[in-house]
Every structure is written in C-alpha cells, then in structure tokens.
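All chains are identified by letter, namely A, B, C and D, in their written order; residue positions are counted from 1 within each chain.
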Amino acid sequence: MYGEISELINIGRELHLRGWLPATGGNLSARLKEELICITASGSHKGHLTMEDFVFVDLRGNVLEGRGKPSAETELHLLVYRLFPEVRSVLHVHSLNSTLISRLSGDKVVLEGYELLKAFNGIRTHQTTIEVPVLENSQDMRELSKKVEEALREGPGTYGFLLRSHGLYTWGGSIREAYIRLEAFDFLFECELKLLLGGKR
Amino acid sequence: MYGEISELINIGRELHLRGWLPATGGNLSARLKEELICITASGSHKGHLTMEDFVFVDLRGNVLEGRGKPSAETELHLLVYRLFPEVRSVLHVHSLNSTLISRLSGDKVVLEGYELLKAFNGIRTHQTTIEVPVLENSQDMRELSKKVEEALREGPGTYGFLLRSHGLYTWGGSIREAYIRLEAFDFLFECELKLLLGGKR
Amino acid sequence: MYGEISELINIGRELHLRGWLPATGGNLSARLKEELICITASGSHKGHLTMEDFVFVDLRGNVLEGRGKPSAETELHLLVYRLFPEVRSVLHVHSLNSTLISRLSGDKVVLEGYELLKAFNGIRTHQTTIEVPVLENSQDMRELSKKVEEALREGPGTYGFLLRSHGLYTWGGSIREAYIRLEAFDFLFECELKLLLGGKR
Amino acid sequence: MYGEISELINIGRELHLRGWLPATGGNLSARLKEELICITASGSHKGHLTMEDFVFVDLRGNVLEGRGKPSAETELHLLVYRLFPEVRSVLHVHSLNSTLISRLSGDKVVLEGYELLKAFNGIRTHQTTIEVPVLENSQDMRELSKKVEEALREGPGTYGFLLRSHGLYTWGGSIREAYIRLEAFDFLFECELKLLLGGKR
C-alpha cells in the first residue's frame, strides 16, 4: 500500500512540474486490493501530495479510511475499476494538450500512423488508428458516468477518454502502465494540436 | 513568519524555473499580521531569493524592517490587502502567457467553459465565465492604484487582474490558495493564447 | 562498461524530462567492445532505466547477456555500428520535433544557414546545408534496415536519419558526441517546425 | 576567481536545461581582473562544465592558462570587455528564440511597450523602445568583430546584439546582471516570436 501511494505521490510531483496538474486539477488513484481503492482527496494539490491527501474507498464509493473528502470525480475512477477488473490504476490529468484538443474536436480524436501508438498494449504496428472518445463535460456525476460507461462498453479496446475542456482519463494494469499510456496520449495530443493550430489539419 | 517567507522563497524558485519570473520581474508578498506585510525588495531576482530580499511594511507602505527598498509596485499589493481583509498573500508574475494575452486583448479576458474554472473558490461548475480586467500599464502608481481599485470594487468576485504587456496579479486566503489561482490563471491564459495565435479565436 | 551504462541511464533520465522519450519510445545503445553492444530492453521506460534494463548483443544481434528482450529496433542500431566502425553510441528518440518534422516533410529535411550546424564534426561554417533523410516507417525490420543502409551508403557524411511519424536516429564516436548531435538535431528541427507551422516556410 | 567560475558553471547548467545552450553552442565568460578574462573552451558542452573547461586570456586574446583552446568567438567577448570597462561578464546563448527572431527580422529587433524593458538599467518606464542590432553571421572573426564594434559604438546604450541564425550576446556589470539581461531578452524575443509566428505582427 505504501508502495502504491508513494508511486502516485512521485507521479503527481513529476506531472505537476510538466504542467499536467495545474491548480487542484486532476486526480490519481490505484487499486490496492480488489475492492479497495485509494484516491486523491478533493481540493488537494497533486504536485505536493502527502500520505494524508489520500482517501480509501470501496468500489461503490463508500469511504473506508482517510480524513479528506474523495474527489468529486471518484465515480469515474470507480466505473473504470468496475468495468475492467485487471485495471490497477486510473490517472486523470488536466494537461493543456488534452484540454485544448478536446475543445477543438468533435466527439472523438483520431490518432493515426504514429509509431508511438505501439505504446498501447496489443498494438504492434503504426499502421493503425486509435479513436479517443470526447464526452461533454458535466457536473452531474451520475449522468456523466452513464455516458462514459456507454462509450467504454461500445469500444472494448478503449484506452482512455477525454472530457471536453477538462482533461484526459487513462488507466492500466499497473501504475507504470497507466503512466506510460498517459505519456503516449499527451504526446500524441500535442502532435495533433500543433498540426491543428498550425493549419496542417 | 519564517514559514511564510520560506514558502515564498520556494514558490519564487519554482515559478522562475517555469519562466514566470524572468529577470527581476514580478513580486511576491504575504500578510504576516493584520497590518504587517512582507514583500520582495525592488530589483531582487525572484528565482534566487533569500531572507534578506524581503522588506516589511505596514498597510500604508511605511517600511518597518528590511535593508532593501520595497518593490515599486508595493502599492498595488497593499491595495489588495486593504480591500480584502481575508487575503493573506498576493502574487504578481510576468509570465509569457499573461504578458501576451493582455497585449492581445481589449479591456478584459473572458474565460469560459473550462473545468479548471472550478479552481476558483465559489465556482462549482464549468458552465460559467470569469472576466479578468486588463488595465493599461502605468508607472504612476497612484493613478494605477486608483484604476485598479475601481476595477476591483466594481467586480466583487474578482480573483485577479492583468496589467497590459506586464503581467498578472492574483491573491488568496493563504499562500497556497494564491499559488493555486496563479496556476489556474496561467493555464487558462495559455489555452486562450494558443487558440488566439492559432487563429481559433 | 558500468561507465557507459550509467552514462546512458543519465541521458535517458534527462531526455525523458525534456519529453524526447515518452512512454516506452526510443532506445539507447553503446559499443562496449568492437563486437559487444549494450542496448535498452524492449518495453523499458527510458526515463527510469536501471542496469537490468540493458541487454548485451553482438553485431549480428545474438543476445549474449541480459534478462530482457532487446528492442525490436536493435537491427537499426547494429546496422549503424557495422557501417561505421568508429561509432561508439547510437541514440534514438521520439521527440515531438522529430516526429512532426518527419510527418510534414518529403524524403528529407534540409537544414541550412544555422550556426549550430557547426556542432557536427567536419562542419566549420554556417554557410552549408545538411540533408537528413526521411524514411517511411515500417515494422519489417529487414526491409527497413535495407532502406536505411542504402540511404547511409549514398550519403557518406550523414549524421542521422528520420523515420516518418516515428523519430530520429543519430550517433557518434562517443556517447557524448551522440548526445551533442541529438541536441543539435532537435534544436534545428524545432526551428524548422516552428517556421513551418507559423507559415514562414 | 573560483566564485566567478562556479557561478558560470551553475548558469551553464541551468540555461542548458532551459534549452538555451544546445550541443556545444554558446559561450560564457567573466572578467576576473581588469586584464584577465576566463572563457569556456572551444567544443565544451556548456551544460556540463567543470573548472577544466575554462581558459584564461588577456584582453588581446593571449592564452595565459588553461588546457583547452579558447572559443573561436573569444574575440567578440574581448571586444565587449575592451569597449566597456565596467563589464564583468559576457554571456552568449543559442536559444531558439534568439535564433529564430534573428532569422525572421531585418537589421534590428524592436522591443516596445513591455514592462520587462525596465530590467535593463537606466530604463524606468515601459513606454520606451530598445533596438537590438542583428548582424549577419560570419566565420571571419576579424570582419565580424569590426562590424559588431561599429554597431556598438553607434548605439552607446546598447545592451546586446544578435547574430543572424546564431544567437544572442549580452553582458553586465556583474555575472548576475548579465544573467538578468539574458532572461529579459529571451523573454521579450519569445513574446515577439510568438506574435510573429501567430500572424499578429
């Protein structure tokens, strides 16, 4: 448990310095046991996390331990853990690239022809396409969570999703894998965003 | 007192590395007691601050302690402390994003629809708008301070203001809150600036 | 041997923080003896390398030592070592600049008139031109390696090559020299990319 | 002496990480005594300097001590020290902003209306203009040095100059002052470059 939390603390510090976790944006979670999730508390600054900034919840969102309030978006994390039993970590960031690419796109971002697509497991060639769904942002977590669930059920191979003008959710079978996918997504979004803003898309 | 100053020193070091405090630009202050403010000295480099770079003033700007000269813009910091008794810290940066967005905008910057708007206290939905006033830069601190006061009195919910081709002022009920607002503003200005320079605004 | 590997570990950490080695992208190698190459293992994260992430191969790709699988692109590294006996290190990165410049260019990128061209040995004036071949990306290493060999044999002074939507390969007579060329290439690609996206090319 | 050199080593490390000293580009010098200058050796990497990377020369360029060869551009540093007896440090960087702004401009870059102009000593208002001469790059140091001398003699208040597609030279009455001017120039060049590439100039 201390291992996972300290890995999330380190990732928070690094991603904050890279500008992906501005202000109190974003939240980080890990599955410690099948039905035990730790997640950053609402309002905590993800670049300066301590052990006290984590809350422990079960898969229905009941708080088991921890002084803070779990993030308002805990429901989205739990949805991913419920849908995919193999997932051990969910990372949500407010990077500039994910915020703007979601703002400038329709209902999906299409990533095509990049070697870095091979960072997603199961993909063995750059001659492929990943579609990342873009969902309308909402403060109604029940409604939003329903829409995300539909999007994820329709696309079994989905590795993440975007909320418009908000940010990216991604996950993996380990914290390391979630972190790798996060880097891959942000890099690819940055490529697409630069092409779009430079009039090359 | 040492706690607040050392927090400002750390913030200065971090923000300098992020490019928000170039050359001798910017200044950082905190309210230590109701009528006691510490502020960075004029001409000091905010990325390499030491205890000696701070000056102590009262709310009318009288120097109480400290070897340096208080920053020329001390008057603007004090104005904020006088207007808002709950404010404990005022941060002013010359980031590229605040400099350019103020140069390219009219008398305000409108931020709309971003999830990160929720970083400002009292805001609970992205379906809102924040208007950041842009004031003409001036070296006449009396005149400038009067204009800032008018702008702040008109908009009670204001979280900060921009000086054209100069930078951003923001504040909070703690140093941490001011820092969080600073990150939120700069992120949102970067989004708007990229859209503007990419012909998407 | 420990010296070279620890130099590659440090370079990996630095280049990852600069965004040139996102996710599991890129690979780093050094020639330890004439016929002994160490190279990063497939799937390792190049920003967090340890001694265990290296595999030892001979010039035909036979694994001599190491627990991991050598990178799929080992063949391209070995090709460079076979063609140029003086080369001691080959570095391959997935930087944003090399990915996008290769995506937006034809079969070569032309770098002209920059003082930084003098960073490549043998070049003593900015009034010169370097042509960097851009090859179509492929997952068929045998075919790709043949095309790269042709490109390198045709241009004896070549310092590196790009794979489209993939990244850059460069090398040198020492790890330091390969690192210097990498920095020079990325800087020059960033210049060209900014000009291109800003409509100045 | 050790103080000045270790200050230059630290500045080199920092500026390299910010991308202003790519490959072996740039050079850093300080005046230790009226007629004693230390300068980085030719070919050294300015992000990884050690004491051994410095060479000691007099104002005519005679090597007094040090194992390396002084930078080919030593002549330009010495010119500044000869013209301005109060100068204690000359810094030359190959930042992207200085490289590109010089490539896209005519014979000068005009900086106007920015608060940060006050970082240059003697300037007390943003309502002013600084003109930075842009000289054609040349490998003939004698000729180049003559042209730089003309440009500097014509503009007594000049704080620095650009070499086209090459980089920036600036200086100050202390290493700290030269560093502050460098930051101010690069910030202002980045502002102007973004406006130019975004079609706002």
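By our rule, a residue touches a chain if its C-beta (ideal position, glycine included) is under 8 Å from a C-beta of that chain, and two chains touch if they have at least 3 such contacts.
Remember, predicted model here, so these are calculated numbers, not experimental data.
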By mean C-alpha coordinates, which chain is most distant from subunit A? D
Through what angle, to the nearest 5 degrees, does subunit B rotate to match subunit C on its C-alpha atoms? 180
Determine whether subunit A and subunit B, two copies of the same sequence, contact each other through the same residue numbers or different ones, counting it as same when over half of the numbers at the interface appear on both sides. different
How many Å are there between the centre of subunit A and the centre of subunit D, using C-alpha atoms for each centre? 44
Subunit C and subunit D have mean C-alpha positions lying a whole-number Å distance apart equal to 31
If you look at subunit B, which of its residues touch at least two other chains? 197-199
Every touching chain pair, please? A-B, A-C, B-D, C-D
How about subunit D: which of its residues touch subunit B in the complex? 18, 113-116, 119, 124-127, 176, 180-181, 183-184, 186-187, 190-191, 194-195, 197-200
Residues on subunit C engaged by subunit A in the complex (per definition of touch): 19, 22-25, 45, 94, 96, 99-100, 103-104, 137, 139, 163, 165-167, 193, 196-199
